[in-house]
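Notes follow the structure.
Labels run A, B, C and D following the written order; every chain starts at residue 1.
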Amino acid sequence: VLFDGTYGRGQTAAALSGTAWLQALLDVEASLARATAAAGLIPPAAAARIAEACRAERFSVEEIAREAAAHATVVIPLVAALREAVGPDDRDHVHLGATSQDVLDSATMLLAGRALDALLADAEAVAAAARGLAAAHRETPVIGRTLLQQALPTSFGLRAAGWMRGVEEAAGQLAAIRDGGLPVQMGGAVGRRGPQVADLVAADLGLAPAPLPWHAVRVPVGRLAGALGVLAGVLAKIARDVTLSAQDEVGELREGGERRGGSSAMAHKRNPVAAVSVLACTRRVPGLVVTLLAGMEQEHERAAGAWQAEWGTLSDLLTLTGSATAWARDLLERLVVDPERMRRNLDRFHAASGRQGGVGDGLRDAAALIDRALAAGGEASG
Amino acid sequence: VLFDGTYGRGQTAAALSGTAWLQALLDVEASLARATAAAGLIPPAAAARIAEACRAERFSVEEIAREAAAHATVVIPLVAALREAVGPDDRDHVHLGATSQDVLDSATMLLAGRALDALLADAEAVAAAARGLAAAHRETPVIGRTLLQQALPTSFGLRAAGWMRGVEEAAGQLAAIRDGGLPVQMGGAVGRRGPQVADLVAADLGLAPAPLPWHAVRVPVGRLAGALGVLAGVLAKIARDVTLSAQDEVGELREGGERRGGSSAMAHKRNPVAAVSVLACTRRVPGLVVTLLAGMEQEHERAAGAWQAEWGTLSDLLTLTGSATAWARDLLERLVVDPERMRRNLDRFHAASGRQGGVGDGLRDAAALIDRALAAGGEASG
Amino acid sequence: VLFDGTYGRGQTAAALSGTAWLQALLDVEASLARATAAAGLIPPAAAARIAEACRAERFSVEEIAREAAAHATVVIPLVAALREAVGPDDRDHVHLGATSQDVLDSATMLLAGRALDALLADAEAVAAAARGLAAAHRETPVIGRTLLQQALPTSFGLRAAGWMRGVEEAAGQLAAIRDGGLPVQMGGAVGRRGPQVADLVAADLGLAPAPLPWHAVRVPVGRLAGALGVLAGVLAKIARDVTLSAQDEVGELREGGERRGGSSAMAHKRNPVAAVSVLACTRRVPGLVVTLLAGMEQEHERAAGAWQAEWGTLSDLLTLTGSATAWARDLLERLVVDPERMRRNLDRFHAASGRQGGVGDGLRDAAALIDRALAAGGEASG
Amino acid sequence: VLFDGTYGRGQTAAALSGTAWLQALLDVEASLARATAAAGLIPPAAAARIAEACRAERFSVEEIAREAAAHATVVIPLVAALREAVGPDDRDHVHLGATSQDVLDSATMLLAGRALDALLADAEAVAAAARGLAAAHRETPVIGRTLLQQALPTSFGLRAAGWMRGVEEAAGQLAAIRDGGLPVQMGGAVGRRGPQVADLVAADLGLAPAPLPWHAVRVPVGRLAGALGVLAGVLAKIARDVTLSAQDEVGELREGGERRGGSSAMAHKRNPVAAVSVLACTRRVPGLVVTLLAGMEQEHERAAGAWQAEWGTLSDLLTLTGSATAWARDLLERLVVDPERMRRNLDRFHAASGRQGGVGDGLRDAAALIDRALAAGGEASG
């Protein structure tokens, strides 16, 4: 909590709070009630009353968390509390034919979709800001650097176009997952429940249908994890470039915005807070991805440990990637470019290499590449 | 080398040997020569002579490896050796306008494509074997197990259908990457070379065109790594199920094949060698994925360290995932199912739970799910 | 929060709450005030008033978290709030000569020590319970299993002795770190503050003195991370053995305790909740260790990203390892051993291998090893 | 192989070659023969003949690797080949009472010790070079940098002292492991063999005795992995500092040595090859550590997959950390310091901050810290 300013920026974190988790679980129970009613298994009126009861504010996150310890799942105490809430007539209609994992996995996919909505809105803004930089600096010369050494001139717009393209590609993969890769789970105790109810729940919640239950075949989780890892990697690249370019001795970029990054002890200093915060989040991402990929080794019809390790890991992974995206948006939307310092650093190159100052040909090539990327990028992210 | 029997099974490992790497690098140089000739930058006859010289057997892997140390890239000594090989008239036509990373990245994508060809052939065979098991055991009852405890009856075919589906999904993502997600790299020293030559090289080598150079925006690497990690995760799930089902006390599955898995000290023992070997490989995969994802934080136009860490990591990742796939094929194509032991283990459940023996309804549901998966799966992997 | 029943068992989690973090930061500020007073840099009365103000309940975790975003450190708003709290006469005596990282790193070490106190108390109980099992089952025959196949008879006590020894070794390393490997940080803005104040703060807080500031040389963090990873690995081994031994078809071990692990849908089922919860925690640990080790690549006098990624990661790592230890204690203190099932599973081995039932020699060897381990273990953990 | 110039520098890689592995396995068999003879279990003459046959050049790495596939262990074909080599009279005296894992684990520890000898010799040289820099630049002013921004002046010697201290601490932990933390494994099929033979083998091979077999309690592996990860982290910190300081715009450090790091396309450019190579190796390390830590979850008396994943992983981990150490030695022993550029960069700070040029007080503090570290370091690493 204390570090949420860094790790929980933007809307993604809120989409994954304890209350948000609780509501998502209840949304699945409500949807299941509607689906079982539609399938003729419970009375429609009962489904309506159950759905009415499925509001997070009626339950206590702390209490359910505490009781969950005895079961290694929060769904058992939640269903008990929900049955209590609906009363004796409806209690047997709650959670009909479902297993804990059905509810938890479906809720996870629901939350992932909500988190991705927030995250992708920020990612689009990051890409748009990079696009703006690429267009504005098509022919702003900057020294290209390889292995952290001055190499040959290029244009700053080309570097920004690379950022744009990377974000677009990574976000495009996440958007595809959001739009078709978050499947419902509703297979019952050992995954052999017929698909009728599952398909109804999927349609109701906006999840993808599942050809088969995936209780222990965790492709949806692994794929989502990988795609989040790729986006985090691109954001890290951008933030790393900015921190390097913002070094006093380089001075080509700096963070904009008011009163940000001041140092109490050193008044002259201006820290690249947004870029550092991007990195603070992205550095934590690969370790979470590895946990989810290693956790795909799950036993039989439900894993003893690997599944239970996913809950917090995926939650953290979405939160941190979302926070990194929000910080990156903040960073690029306010980024201050200093073409004059870029020019002066180029002069050093010209002096050291003995080359003349003309960088015109290179810039024309760079501008042509940028134009192609701006055109292609628009389609890719559309 | 000593452990290649475990880690390097099948054809994927051979696709990533030192000689295979060398040939891929030379293939790129040859293609670049043809492309620069087509662009009118060098004489066609020179391109033909260069291409003729680009045969791995003319060069020494060990010698190039040794000289590479002084440059942190194998391309510099390789280009020097190639220039030596073509002689004074053509030497200036070699490697024209390219940077080391162009050649190494394009070669990496070329090798990845070749490795994926081998790997996906085995993955298709794994999926087909799982499909066969699913069809053959549509109604073979087995106790479903959750948290490693007996839960409720299901059919073994449904578990196998889950394996099939997982492999199909994971392999489908890799096939999509092979067919359009392995881009050429040919941007020159700082990535601003115009696209003409790059597009020609891409077409010549069967790589995807790159809207922009991606020297330091490593989405193609990250995406490939994630997809390999997902396939490894599915294979690990299958192998884990088999090792558990092959326990003497369970006895529902065992590995087939002759003289495999004998123990020198314990003649009665039959080790699940293929399943264990799958796991020996898949357990090594997530740690390699994490290195590649963390390594996406690359500086400016070429990274100082993160890029150079990719070479061996991606090579190992492809090799190990390929080996796991070959072992999984071996495993599933010879898997021996024991319906009688499945039945006896079910009897224990019936005795413990006090339920009657009828599992008919559940099996009909399971069979319907299998049929749906067999139909859907065919499309997904097609 | 919702999953704290699984991930936050025992006392370690409480030691790392937002409030606990806040208090630890304030403890460092109070100690710094006393140290600067002792060094004659501020009036003793001012130090007393500052220390008096350093109580977490006087500040708001949420508010400081919110304001921290603009600085990428919680210390800047905390120091501002503390200066506000002490009033105009003392405000300049607060935080004298320190940098944010001094306070945050020292607080981290302080919290790590407190968390380790809780964790090691549980670890000692785990080792004691394993010791009890080893002593009680010195000669209880069980079939040894290799590659998940029946191999040769051994004694269950020997397996438990291995658990004991592993926990003792891993806990011993953590105890050594707690007792001398948690150094103070008090080097000032760029780490060149003289050692006088730092040594005073170290003595006051019970931290180890630091020969040099370690702002960007993160050996203490990496070493702690590795040692936590090793303990988690041993606990995972124990829990894995229990889940396997608790399979219905094996039945050699089961979890004790009342009303634990019941299934709502399957009344006959008894889930190994404690073992599964151990694994739910330990599976998350290696991914956190990798983040901290990779994060040791820190720039110059303070890192831009890698340091800021540590805060949440180390907090989670301590919490999860602590929770795993608490769950393991719960598991082993209530573990129910079934020698009769062990005997019956051995009979299967004798039938399959054609060997006679005599396991006497093997058990005597096992008992001798156990006796040696019980003796050695007592010293190692002392 | 092709990338060995980068990944396999120095003597550590050679200590882990296929032939080195083979010899280590044979060394264990020879030692076991001597030990069983000493215990009166086989004739001394037979032991001598077996030991005589245990020379790697008499066997084929490739052949044994190929045959190992069918057993998931190289020891079975190796023992078969060794029995063949010694002939019919002695064949039953080979490998007496041992299991494959005994030989492989003991050989692994033996190789780890040999690899650490090479690695630690380089690590001592790295520390010595850093010590030399610290002493030589006790009062060489440099601007301290935090978050990649100029902060306050310090001395370059203090930064080098931090490097020294980090290497000494990390190497000290590895030396302690080498000298007492590499235990023999000789427990027989299920780990209950009495300790007599094991103790003899340990003494003969210079390994630590094992109070209990650790076939599936992998503390020695996890501890070694963590310690290697810490050393790699320190080396990464050093190399990162150098790459940053070697930027053209900073210019405070550069790599020495002849004809290193030239660029074929850019004659003015001088790449920091050694620093980049350190990072190429260290970036691969954390992912290997995570595999070993996650792999500690091993079943019963021998794991089905997790153990078999260790062989290649630990081998790579030692090789890469060793290579990083050799590169770091190369880097620091030739490092060129430019006090004049340091001074000019400080001038920028003075101009920006409005502070006067006097940095004397700070340097005196820094020098005092350095002196303390030089004194303390000598003891710590002794």
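Everything that follows uses one rule, which is that a contact is a pair of C-beta atoms (placed from the backbone, for glycine too) under 8 Å apart; a residue touches a chain by one contact, two chains touch by 3 or more.
None of the values given here were measured: they were computed from a predicted structure.
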More C-beta pairs touching across which pair, B-D or A-D? B-D
Most remote chain w.r.t. Subunit A, using mean C-alpha positions, is D
Centre to centre, by mean C-alpha position, how many angstrom separate subunit A and subunit D? 37
Could you grab the centroid distance between subunit B and subunit D? Build each centroid from C-alpha atoms only and quote it in angstrom. 29
At least two other chains touched by the same residue of subunit A: list those residues. 72, 99, 145-148, 151-152, 189, 239-240, 243-244, 266, 271-272, 276, 279, 282-283, 286-287, 289-290, 294-295, 304
Can you tell me, using the touch rule above, whether these chains form a line, ring, star, complete graph or other shape? complete
Inside the complex, what are the residues of subunit D that reach subunit C? 72, 99, 101, 144-148, 151-155, 158-159, 161-163, 165-166, 169-170, 173, 189-195, 211-219, 222-223, 225-227, 229-230, 232-234, 236-237, 239-241, 244, 279, 282-283, 285-287, 289-290, 293-304, 362-363, 365-366, 368-369, 372-373, 376-377
Residue positions on subunit B within touch of subunit D in the complex are 1-7, 9, 17-18, 21-22, 61-62, 64-72, 74, 76, 79-80, 95, 99-100, 189, 239-240, 243, 259-262, 264-266, 271-273, 275-284, 286-291, 294-295, 304-306, 308-309, 311-313, 315-316
Subunit D partner contacts - residues on subunit A that touch it in the complex: 145-152, 243-244, 246-250, 263, 266-272, 276, 287, 290, 294, 345, 348-349, 352-354
